[in-house]
Every structure is written in C-alpha cells, then in structure tokens.
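What follows is a set of structures to go through.
Below, subunit A partners subunit B and then partners subunit C, in two separate complexes.
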Partner chain A sequence: MSSTTTSDNIDKGAGPVAPGERQDVAQLKTKFGPAIRSIELDAADEPVVYIAPDRNTEILQYLRDEQGYDMLRDVTGLDWGGGRPIQVVYELWASERRLPLRVKAEVPPSNPRLQTAFGIWHAANWLEREAYDMFGVKFDGHPDLRRILMPENYEEGYPLRKDFPLRGRFTRAEQTRRALARDLEDIYSLEELAVASRETRTAPRGLGVTAEIPTDVPDLEAKHMILNIGPQHPATHGVLRLVVELDGETIVKCTPHIGYLHTGFEKLSEYRTWNQVIPLTDRMDYLAPMIYNIGYALGVEKLLGLEVTPRCKVIRVICMELNRIFSHLIWIGTTAIDIGAFTPFLYTFEERERIYNLHEAYTGARMTTSVSRIGGMMADVPPGWLDAVRYFIETFPNTLDEVERLLSQNAIWIGRTQGVGVMGAAEATNAGLCGPNLRASGVPYDVRKDNPYLEYETYDFDVPIGEYGDVYDRYLVRMEEMRQSVRIIEQALDRVPDGPINVKDDRVILPPKSRVMNSIDGMIAHFKLVMEGLKVPAGETWYSVESSKGELGFYLVSDGGPKPVRCRYRGPSFMNMSNLPALVKGELVADIIAVNASIDIVLGEIDR
Partner chain B sequence: MAKGDQDPGGAGTTRVETEIPRNWIIARLDDLVNWARRGSLWPMPFGTACCAIEMMATAASKYDMARYGMERMGYTPRQADVMLVAGRVAYKMAPVMRRIWDQMPQPKWCLSMGACASTGGVFDTYTMVQGIDTIVPVDVYVPGCPPRPEQLLYGLLMIQEKIRGESFKDPRPRAEGPEDVAKPQLSPEDVELVASPFGNSTFQNRVSGLESSSPILRPGDRKE
Partner chain C sequence: MGPLSTKAFLIIGAAKMLMIFVGWLTAVAGVTLAERKIAAWIQDRSGPNRVGPWGLFQPIADGLKNFLKEEVRPAGSSRWVFYLAPVISMFPAMVVFAVIPIAAPLPTRWGTVNMIVADLPIGILYILAIASLGVYGLVLGGWSSNSKYSFLGGVRASAQMISYEVALGLSLVPILMVAGNVTLPQLVSQQQDALWYILPLMVGYLFLTASYFAETNRLPFDMPEAESELVAGFHTEYSAMKFAMFMLAEYANMVTAAALMATLFFGGWDIPFWSGDNMTLAADGSVAGAAPAWWKTTLTGLCFAAKTGFFILVFIWVRWTVPRFRYDQVMSLGWKVLIPMEVVYVALLGGAMLYLDYLGIPFGTRYALYLTALNVVLMLVIVFVVDRNRIILGAGWRQTRPQRVKSEWIEYADRRQDSR
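Let's turn to the complex of A and B:
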C-alpha cells in the first residue's frame, strides 16, 4: 500500500544564484576552450552557451555528469531565415542547484546534422524527433528518427523553417487529395509490418517502391501480434494512436503515434502579434486554459522586463490554482471511466460545471477563456466573483471526499492501479517525466517551489510526493494537489489587494476608452497598440510554470518587431506521453488504458 | 378504447372495434420511420479537441443529451447514426474521419461542431482541414468556439427536425456507392473556393498593420 507523503524538504537552501557570475559557465569555458564558441546573456540575464556542433554530446555529457544538469527540459530549433544557421537549443535544469542553462549549437540549413543526446537524457527521444520533423535537423545515432507530428510521407518540407509558407506549399485541393489518397497501411512502421506480414516478407501495397521489409527481423512464428488502438478510440483521450506488439496478453512493445491533432500553433504564433497569441494558448490545453494564458503572458512580461501589479499577481494565482483543480477533476473522471467506474465522472463534472460558471462570470467563455493580457488581465474580476470562488472552495472538498470514498479503498480500483505502470525516480528524471507523474515517482520537483513565479514562495502549501511511482500514486498525488490548491486559493483570497489590475503603461496596455476619446495621447497610444501591436525588445527567454500536467515551458524569441520570431511551447503532456512505452512495457494489454489515463494527457498540447 | 362488449353505450354500437386488436396504429410510413429514426439517434462522437470536452459536458448529468434519444454513444461507427465532429481536424486525421464516415451504415447524418470543424476556424495553417465539408457531407453546422452544450443540443434537435421532413423512398440523400469511398466530398475547384483565405485571414504575414506588404511575406523579407 503506497501512501502520499507531503514534504517540506523542498527548500534546498539559497534560491537561484544571481546571473552573470555563474561558476559552471566559467568552468565550461576553461574545460572546453574553443569548443565553447561564445557566451551570451538572454533577456533575463541568463547565460546562453554556443557550442561547436561536432562536440555537442561531449559537452552535454559533461554538463550532466559534472555540473549536475540532470533534467533536459527541451530540445528545439530556431530558424532565423535567409540562409542563416539553424540553432538547436538545449534547455537544461540542475535540480540540486536549481539553475537553468541554455546551450545552443548552430548547424547549416543545407545539411543540419548533430549527434543525438538520447544517450545522455532519454527525454531527448521525442524532442529530437520533433526538431527533425519541424526543422529537418538530423540527429545521428537517434534510435528512431522519424517524423512525429506530420505524416511520415509528408512532402512539403519542414514547417517551422522560415521559408515554409504558413499554409503549406501545396494548394488546399492538393493537400486534401493527398490526405485522402494516403493508404492507411502507410502509417505502420516497417518493423510493425514485418511482424504483421512476416509470411510473405513483401511490403504491402501503398508503401512506395523504396520500402523493403528488413530481413534481420527474426522470424517470430506467429508468436506476436500487432494490435492497433486508435486514433479514434474513446480511451485514448483524444486522437492518439497506439500500435502494440503483444505476446499473448503481455506487451512487448508499444509505439505511440501522435500528430493527429497537429494544428501548427508554433507556426501560427509567428504570424500573430504578441497579444493575439493569447487566444491560441488556451486552445492548446483546453483542460486548464488559464494556466496557459497566464504562463504565456508571464513569459512575454519577462522578455519585456515588466512587473505586473500586486492585485494582478494574486488574481493570477487564484486563476491558475482554480484551473489546476479544473484539470485534475476531468482527469479523475475520465480515468475512472477508463478503469470501469462511471460514477466519479458524474460527480466531478458537477463540480466542473461550477468552475465553468466561474469562468463564464469572469471571461464570458466557459472554456476558451483568454483571460490574460500582457501586463495584466483582460479585466478586473467582476463584483462578487471572489466570494463565489470562496464558496466554491469551501464546498468543493466534500465532493473530493465522496470521490475518494468511492475509489481509494475500492478493491477493483486498487487491483487495477497498484503496481501498474511503475517508473523509478532516477529514470523518471532522466526520461523527462514531469508534473504529478514525476512527483508520484518520488522526485520533489515542482516549479512553484523550485523556481517560484507570482510569489508562490509566500504561500504555504505542500508538494505531495509518491512512494512507488505507480498509477495509484499518481491518483493520490493528484487528489492531494487539489486539496493543496484549495489551501493556496484560501490564502490568496485573504490577501487580494486593492488597486489596479493592469500596469499603467500605454506601450503595453490599451488605455481606457474615456482617455482614447478625450485626449490625443490616449488616442495615439490606442492607435499604435492596435495597428502596430506591442513592441517587444529583441531577445529571448525561457519561462516555466507548473501546469496541471507538469512543467510548462515557453521559449520566446523576439527580434524587436511586433510579432514573435519563435514561440516554442514545451508541453508537459508531450514529455509524459513519450514515456508511455517504458511505462507499459511488460504489462498486460488492459493496463495500457489505465497507464495512459493515469499520465493525464491532453492531445491538443501534445500535438500542438 | 376499452373493449367493445364492456362499453356501456349499448349493444351494437361498438361491434367493429372488437375486431381490431388493441396494438394497431395507422400512420404514414414516412412518419413512422422518421419518428423511429428521430427518437433513437445514436451519436458517433468524433471528438478531437476543445469541442470534445463540451460534448462530454453535454453528455454529463447537467445537460444530459440522453433525454433526446441519444442514450448510447456509439463508439463504433458500425452502430451509429450521427457523426459528431467536435474539434479541429488535421490532414493527418482526414482519412481516418472519412473512413469512419464510410463505415457508418445508412441512414446517417453528420454534425459539424465548432468553428474549426466547420471552416478551419482561426487555424488557417499548413496542417488543418479547412472545413470538414470538403471531406464528408455535413447536415448541421454548430457555430461557436467551442459551442455551449445548449447549442450542441439545438444542433441535434435540428437534425431531428431535418429527419422529420425526409422520405425514405427518396434515394437522393442516401446515394452512396463503393466508388465514393475515401473520395473528397467537393471537387478540387470547390475545395479551393471554400478554403482560400478570406477576410482577416488574407493578412497573415509577419509585418504589423502600419507597414504595407504584399499578401504573404516571409520573415526574411522584413525590414532589418
């Protein structure tokens, strides 16, 4: 029987070291000399290290082993267009010292090649595949370098390169024709086809002339079978496709195929002004939209060097924690359905309807809230809204108790969840598992504690930590997190200060209509903001917030213009999903559903 | 009507009715068939994104679309009558959606829920289907981003209203043959027509509103 322990030993002494005097960067420079090409400071004075691309694995290995950068938060690309080199960005985090580091390698766009970092952090697996898919960077030595979001036979190019048009290279008619003409067998990998069609050893039709079944696959004599789940399946929580190789009922290998909801958020963001991106962010994670809205606004404010008002900070905390509850509620409801318990779904949806009403009272929308603006919020909260939130958090724990009574001691629930989908702490850190899943594995990493934003360090709350890292622990951690969110909201409600919600800065926030209509300076400010958009100074930054699903990172690059050069959203579900094969290996086929539900995915954000 | 011989009205008045068994009903066949089809629409929830969550809210206890005969969510297309396409559809998903539509037996209807499914919405990008009506025939479009549960219910009631006017002898709405499988719903010219940029969408470039530009500029073209 596992249990959830709350831990106060998160405080690892001093907070983040003041930038500019970083020991580790200096040591890196002395050790590798000319391989460290240059060191720059980004918009928030955090170091960016440019390394020689041919020595990237060596340097990254050193950083992990000697400098304690045990987490790879992101691998992505950055293209400036015009034939300039493509930058491959590694975003690292040292959890002991609580320090970030950004490492960049520049490769030519004509032949972008790098060594894979998969051997150093398993988290690089899907991240590098995505960089390959979007930028065409080839990672030598990667075990499975295929397109991940776009179809495998996609022929239009690499979408996030600057010379790629927003709408694609082909006409819409041609894109539609190609999409429908695709043979569904194209979407199996060669290896899967080898298992399925080992008798003939010929490629099924539609695969193209170049495809050949690898001959070194051992003859399996019908011992294994391939089972396809999805992409349209109620238990995949969206449009996820899993190809499972089975030996009897035991899972030999599970291959997730994603991208069925790829929307092009990152490309589209480059064609929107900074404030116009906000409505896109809540369509990425529609289960916790306000966390995305506010996280993005925080990132741009960091780039601007802007500090929001005290009232705005507290309101933002209330919104974010409310949405953590919002998201965990649908998680518990759908996971219970997947495991066979229908009642919690009805209970939790009742509570969700109450949060929908709170959303609606504040923003006018039930789900796509778009609540934040750069420099503040869309509006101050309406009268009585804070009282409604207080009433909600006073009554909501009763439902939580009821759901716990239904599940926690339920024999079927325990039998389906305990000891299933286990991952240990070291492996989880290395493989990029994040959020409640990581904490269920026993790693006390929570961005709210380790790298606080919005003054989270002044709130009194615990971070629940699991013991065994199985599905049951993930359930317990999320239940406790909801109670902790209630605690945070209680404290925040007690301290909501009076004062303006938005910063008083005409370059950032639209002036009130009375000023626009009555004064020339108000009119000019309004005109410039509407017509030109917000001007963000050139620079780049990384901002992390703790989403309901894990560490949500925003990597934002500006060249001083009205629109971003790059908006990278590091989705926590994407990282969690990439660990599904490791979590289900050796389990029974029915456990896929339980494990997949337990890691709390939202496909809108995995596929982006 | 009670049995004739127990009728207090007197002998001879209700003799004929006793000849008719009690469970007869006289109606036009169309009305009867349409009534049956209307009252037991089984949805095939093809939910992909945000709209799917509102679809779940519609199925949950507060709105409860089972009240209108949608008691059973048919997660298999073989046993479903109305496909609810809720959310954005990427080109990678398009053949899957078309196959599900092809697998559904007649009679069948399609409801397009939300802006993205109906037109592509704000996502005029390289990967998004610009309206599922380029791929499958759509009966009812429900606007909204996402539509409220009441809107979805109203859309379903509109499908019921549409069924009320159908005649099961009319073959045209149900015409479908093996040659139609996995074919786009519209001709290439029509796809171009409905999917080409319009309105604000034509100004998708990387310069601000104060700088004039040709319609689509690459970022390298921007002033340094």
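Let's turn to the complex of A and C:
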C-alpha cells in the first residue's frame, strides 16, 4: 500500500543544495535564518524551501514584495501518513523573472494550523479552503473557511489524509442514512432567512450573507432577495450553484457553491498505478481531454527524468493545440447561447464534431480519449490522420470568420460584453485568474512562452493580450488563440519526424509483443510492467502546462513505488471560478450569466 | 346591393369568426413548425423531420404531448391566478385579429361581405387597448408561480411591456396623422390610393418594428423569458397545456404583429401595381372602385397571407441571428432612444405635412412621394449620424474599440542563466 510507505526516501535523490545557488533562495535564507528549516531540490531542480509554520505569512509576504513572486499558483497539502507532519505546499511564481518556488510548511496532523495567505494573494481563498477540506489544515484569519468540495456538514474527516480509507469511514448504509437525515432545504432556507428576516441576523455558519437589515422594519420589507442559480440551471455549465444576493436585479454578493460533481480524483489517483491515472485525467476536463492526458504524462516523465521521442513531442503538440481549439469552440458557442445568440453554438459545434471525429480516428473515443502514456502515446497516429488534421485546420478558420462576423461587430454583443466583468491586471495576477482570462486582463503570462514544454519555444506564435479585462476581451483573446493554435499546428504538421512514437525503455513502455514472446528480458519487462506498474523514482515536481482554460498544474509526489503518493491537479477553472464573486459584484443578473460563461469553467475539473 | 340583413349578418359573422379563428390557429401551429424549421436551416441542421412528411405534423404531435403531460402546480402558488394567467395571455392576441381586414370584400348572394370580423370605428385604438392586456398574463403568471425566476420574469415583463406600449403607441401616431382615421379597412384603401405607408413613413416603420419585437417578447427583447438567465422567466413553473398556451400566445402575438405590420405599412391585402383590387365597401353595402369578385378576394387573401408570412419570417430570422439585450439596455433603448426619437419624428412629420398643406398638395401619390423624400433623409440621418451602433449600446460603454486584441511575441529566455 502506498499509503503506508515512508517519506524518508523522498529527498534522497535531490539532496540539499548549497545556499546561494539561486539568488532569491540565498537571500531568503540570510533574511530569515532559522525560520528557513531546509532547502531541497525537486525532480525538476527547482528549490523547495521548508519554513517554520508560525512565520509563514511573514516569509510569503517577503517573497511577494521583495522577491517578486506575484503569483500564487497553488496551495495544497501533502500527507505522508503514519503521524508524520502534514506539509502545506505553496507554489509560487515570479512572473518578472519567470521563476518558480515551492515553499512548504510542516504542521502536526493533530492540530494543523497556519496563518492564511489570503491577505497576500487573494488566490489563496479557495485553495486554502480546499486544503482545509481535504487535509483539515485550519488557516487562521481566512475570511470564509468552509469545506468546499465535500458537503459543508461532512462528518467523516479529511479525505486526502492517508489514514482516510478510499471508501470513506462510514459504510454505504450509514452514509445514505446520514444523507437522508440531513435536510438540505434547511441550509437553503436558512440562507434566505438570513436576508429576509431580522431574527436570524446571524447567518448560518460561514454563509457570509452581507445584507444589512435595519431592525425597525417588519420582516417582509427586507431589501435583498436571495436567488439560487443552480444546481439545475441552463447557464451553469454543469452542476454549479450560485447563491446570489440581489438588490432588485443588481448583484450584491455572489457565493459559488461547488463540489456537486466531486469524484475524488486526487484520492483515487493515490490508489492507481501511474499509467492507470491517465483515464482519470480526461474525465476532469472533458472539453479538452488530451491536454490533461498529455500534461499528466509530461509531469510523470519529469519525475522519471525521461525524454520522449521527437515524433511524440510533435504529435503531442498537435493534440494539445487541437484540443485548445476544441475547448475554445465550445466556449464561444456556450457563451453566445448565454448571451442569447443560439446560432454560433451550432456553427462551432459542427467544427467540434470534426475534432471529435479526429479523436475517434486516433483513440477510438470521442471524449474520454486517454491518449497519452507515460513515455509516449497510446499508439502512433493512424495513417492519414495528419492529413485529416491538415484539412481541418485549412478549412476551420472559415467558421471562425463566420462566427466573428456574427458577433464581433454586433452592437448587442458589444453592449452585452464590453465593460462587463472587468478585472485589472494587478488584481487578476494576485487573485489567481489564469489562462485567456488573465491575458485578457493584460497580463502576458502563457506557460507555453514562460516555461515552455514540448519545445514550444521553437514554434512561431503570438500570445494575444487584452487591454480592458472584460468579457469582450476574453472573447477576442480566445478567438485569436484559436488562430494562433492553427499556426502552431501548421508548423507542427510540417515538422512531424519519422521514428518511433514511444521511448524504447522497458521500464516505462511495454515491449512489443514479438519481444515478449521471443525473449526472456522482454517477457520479464512486460510482466513487471503489467503486474506492478512502472516505478517512478522518489521525488516531487510541480509541472504545469497551458491548458485551454489556463495554467494546469500537476503536483506529483512519488516515494519510488508504483503508485503516486500525491497527485494534485490544480485546475485553472477552479482558480477562475473562485474569482467569479469579484467579477460580478455590482453587475446585473444577466451579467452574472455572461461573466460566468466568459471565464470558461468546466465543472468536472473544478470539482475533480 | 344593400347592406346585409340581420340574419345574414349574424350567420356570415359567425362563419367569418370561425374561419379566422381556425385559420389563425392553424397559422400559429404552422409558425411553431416554421420557427423550428427556419432555425434549423439557419443553423445548418435539418429540424423536425420525423412526424409526417417533412415534419409537417410536428405541431400536432407537440400539442398532443402537451395535452398528455402532467400538470404541476408549485406549492404556495395562487391557484386561480396561476390557472388564469395562460388564458389571459392567450386571449388578447386572438381578439386583436378581429379588426384586421384579411382580403378584399367578397360578393355573395346576400350582399357584399367585408372580410373582417369586426370593422370597429376605433380600429387601431382597439388594438392598442387590447394588446396591452396581454401583459397581465405574463405578470400574473410570474407572480402567482411562487418562484423567484418567475417573479423576476414577471417584473421584467411588466416594466418592459408597459414601456414599449408607449413606444408602440407613438410609432402609430404618424399613421394616424397621415391617414386621418383609425379604422384598418380605411388605411388599406388609402394605401391603395396613394402609396404603401412603408415609403412615406419608413422611419415610423422602423420604430414600429422595434416596439413590436419588444411587445412580443421576441429576441433580442425576450427579457421576461431570457432562458439562459431566468430559466424560462415567467413560465418557469408552468407545464403541460398551460405552458403550451403561453407558447401559443407568444406565437399568436407574433402572427398578429406580423399581420398588423402588413396592414399598417404594406397595404394590407393590397396587391401592388394592380388597380383591380382597389375597392372600398361603404357602410350601406355599396362598393366603390373596382368590382368585387370571389377570385379577387382569394388573391388578395393570399397576398395578405404572404405579407404576414414574410414578417413572421423576419421575426424568426432575427431571433436566430442576434444575442439578447440586457434588461437595463432594453429599458434605456425604450425610454432614452425610441420615445424621444419618435417624438422628434412626429414633430418633423407634422411640420412637413403642414407645409405640404400650405403648398396645397392634396393627399395622394405626390403627397406621399414628398413625405418619402423626407423619410429617406431622416433614415440616412438616423443610420449615419445618430446611430452608428451607438443606439443599442445605450447609456453603457461608448468607447470604440478595435475588434482584435493585440498579439505579442514573447521571447523565451532561459531564466536559469541570469538567476544563478
């Protein structure tokens, strides 16, 4: 069982680095001295700084203000089990210097407490809530520390801790009994009462209703109305519930409730071998599955120190860019529907259908592609597939032009999108907005350019940057990104090299059947891979790729065994969704729909 | 021939009512199919094609389905109001059709029959009065459902329809000014004599179209429904036949609006460039102008149907092309743009008519042509000076922005070199 393996060997491969190897780490060490407990290198040779938990905000504040770590990419936990401390991982990024830094604070599992980083980066809001939900780490000073993915009154503990069984603590019968005993209507109506009545001015735990109700008016004259948008609603793009406090039609406060689609992918991954995790990844973002498949494989390959074949790299680029188009197309369509234009949706869906067919031709599946394997792809592309892709990218821009003609200059479209849901560059960076939304706010951050993978630096493409950070800019940025993706695919198609698609490494890739049947070493390799799964050396990495929705991070930790110790998927939609309340404040009901559509969420990945 | 005897009047009146009612219901059913078919063509798909040849029986299947579905009434709703609302919304659209002439007078053995259910002397005013009752169906439906989405839909409906009632009324004023009377058969015959009002009053037509799109709650003005925001707006909680009645009312309003547009601005049942149908039926049963004939009635009836069909097509076409306004934009478009412009237009038109009277030009083709010239100028002013895409943006964002974002080539430099 991977849950019982020890953490002792995690850092053996890396070993402590000499202080001063990276300037900022050295400066950190000099400034804080004993508060910096140790410094290690991870599998990607990036520094991991262990800090004293009681001084975390101080150090993080210093890192942001003095060292330029302006983005908080991730806050998550890591539990090694066996009573060892829970590590809280802060993944930082300095956009000016393009440097990552991982800061870890170790807290005892019996009383895990930390100061919140919410005051430093607003991005910490939901990330800390998730760490609390999954590991029970209490962040003092957090404005709204509630469970986020699990039900708010979940009683069984903290699921991602190693001592938590995969199936939960209670039996199915007990879980059902408790679920039925709970009256969800109570929670709903309490929220409404909190606004409608002066008796219940203290809102139920954590609901944070802000309505100021004067005490001298009768109950029925309460000013604000609570509107439940979702979980069943045409425009929530899945099962999302937005509790919106309305003053007339103006939004006073919007509280997203997520977790309705929580599947526990991160917990499940700890009970799968490394390759078995791949089918889980495409269930997260079913709108761009290949990006998730490939991003995960890239992360594991980084842990393995494995370089894939040149052909595989180019094919992966084609797949990822194709899926970027795939995802942006449905974005255009659904956003247009949400703003009332139904027709572009079907135009874009027709193009998506062609990508579906390409998926099917390659992988046999249309949506859950599971296209990658660690060390390569599931198979080489079928004959003629690349020509089909070329035909697609030659003809597809016509539809793009058509949609643009329908929308870009349409006065109603402009009126509905310009100046709506605005977020400035500084705020967006701080709040963890990512992907096209961040770029629409004017921040030129694209993982493909800032931290290239798959040799993206050798492709010639531009990064569209918006100016106003509103819905219209997000639309323009995505339209332009699709054109740039077409450019990338064109270049990739011109350079697809011959050769094997998978690495020739018996530790990672199944040997061909002829070898399995004819040679003993082939058979042994096959046996070991099938029976045990591939072994990944101990270590950890935070690997990020630019998914269609933003920076998709994989924080993968291995103890050398066949199963991951921790698979953390930092989804871009999760980060974008956490910014919805800030984006819609003061807008109208119609705008919340437009903004919610414009930030491009996919609930499978938010809820994971 | 004299006027119809009382008995003949009653029988023929009942027959006309039945005919119009059946024809109108068929038209409404046809429009539901047309909407789906045309939407499908606009969107590159086939549309309904399973029920009957070419999907022609789809409306029947829809109706049957709605009859057989379960009726659900939400807890806490006001029972009678909830049941009454669909009826209220259905009724006005239906009775408005009574004053619209659908064809040239028909000669029968009992006398010449005017092809209109009720030739009320208050014509247009009756339409305005009855059509504004339609909002009650929406408001009561939204209010009685005991649902917040319905409630918001009802609130929007009342605000929007009452606002656009004003705009609609004002957009009809030019016609009343030029025509000098309010009955629809008279309007048709005047257009036969002079020009279709679309030419001398084209700016008025522009206003009327905008107001009617808002009055019928069709995209881009479907605030009360707004399915992506309010689920289904005022009829969120309605199911089965009650829901179907709301839908029928919407399509019925559309048919009526299209018929009115055809009658008010496009000569009604008049066949253009042919004087054989230029006839009027006086109250005493005598016919002035060309002689009536049954084939002329048929032809003009078909012509009227074609014109109405065309405007229904426009309604459908617009719906599947443009996005939806936001609620505040609808209101500011109505109050800040449409109504002031209409007032100015009425003033300008009145001035022009006074001047034409001063010059002593009688009402007729020449008079209409002068007004046409004025309207063309006004139209150009509206399109190229006043509007330039700004009307719709209303009080919102007035900045002109490029339709492309700037793209940056970000150079990648290996950061490790300079950080160590």
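Throughout what follows, the second predicted complex is superposed on the first by the 553 of 608 C-alpha atoms of A that agree within 3 Å, B and C clash if a C-alpha of one lies under 4 Å from a C-alpha of the other, contacts with A are read in each partner's own complex, and residues count from 1 in each chain.
By our rule, a residue touches a chain if its C-beta (ideal position, glycine included) is under 8 Å from a C-beta of that chain, and two chains touch if they have at least 3 such contacts.
Quantities reported herein were computed from a predicted structural model and do not represent experimental measurements.
Participant: Go through the superposed model and pick first if A:Ala590 touches only subunit B, second if only subunit C, both, or neither.
Facilitator: A:Ala590: touches subunit C, not subunit B.
Participant: Have a look at where A:Ile465 lands relative to subunit B and subunit C in the superposition and call it first, second, both or neither.
Facilitator: A:Ile465: touches subunit C, not subunit B.
Participant: After lining up the shared chain so the two structures overlap, which partner does A:Ala341 touch, if you call subunit B first and subunit C second: first, second, both or neither?
Facilitator: In the superposition, A:Ala341 contacts subunit C only.
Participant: After superposition on the shared chain, which partner residues are touched by A:Leu227: those of subunit B (first), subunit C (second), both, or neither?
Facilitator: Second partner only.
Participant: Determine, under the contact definition given at the top, whether A:Val252 touches first (subunit B), second (subunit C), both, or neither.
Facilitator: neither
Participant: Looking at the overlay, what does A:Gln484 touch: subunit B (first), subunit C (second), both, or neither?
Facilitator: Touch partner of A:Gln484: subunit C, not subunit B.
Participant: Examine A:Ala361 and indicate which partner it touches, taking first as subunit B and second as subunit C; both and neither are also allowed.
Facilitator: neither
Participant: First (subunit B), second (subunit C), both or neither: which does A:Arg172 touch?
Facilitator: Only subunit B is touched by A:Arg172; subunit C is not.
Participant: With both complexes overlaid on chain A, does A:Glu350 touch subunit B (first), subunit C (second), both or neither?
Facilitator: It touches subunit B and subunit C both.
Participant: Following superposition on chain A, which residues of subunit A contact subunit B and also contact subunit C?
Facilitator: The overlap between the subunit B and subunit C interfaces on subunit A comprises residues 233-234, 346, 350.
Participant: Which residues, counting only subunit C, touch subunit A once they are in their complex?
Facilitator: 39, 42-45, 148-149, 152, 219-220, 222, 226-231, 320-329, 389, 391-394, 396-397, 399, 401, 403-410, 412-413, 415, 418-420
Participant: Show me the residue ranges of subunit A that touch subunit C in the complex, using the header's touch definition.
Facilitator: It is residues 21-24, 97-99, 225, 227-228, 233-235, 249, 336-343, 346-347, 350, 404, 406-416, 418-419, 440, 444, 446, 449-450, 452, 457, 462-468, 472-473, 476-477, 480, 484, 588-591, 593 of subunit A that touch subunit C.
Participant: Can you tell me which positions in subunit B touch subunit A when the two form their complex?
Facilitator: My answer: residues 45-50, 52-54, 56-57, 60-62, 73, 75, 87-88, 90-100, 122-130, 134-135, 145-146, 148, 182-184, 188-189, 191-192, 195-197, 204-210, 216, 218-220, 222.
Participant: Can you list the subunit A residues touching subunit B in their complex?
Facilitator: By the definition above, subunit A touches subunit B via 81-82, 150-151, 156, 159, 162-168, 171-182, 184, 231-234, 238-239, 259-264, 267-268, 270-271, 273, 279-280, 283, 286-287, 330, 345-346, 349-350, 352-353, 356, 366-368, 530-533, 561-563, 565, 603-604, 607.
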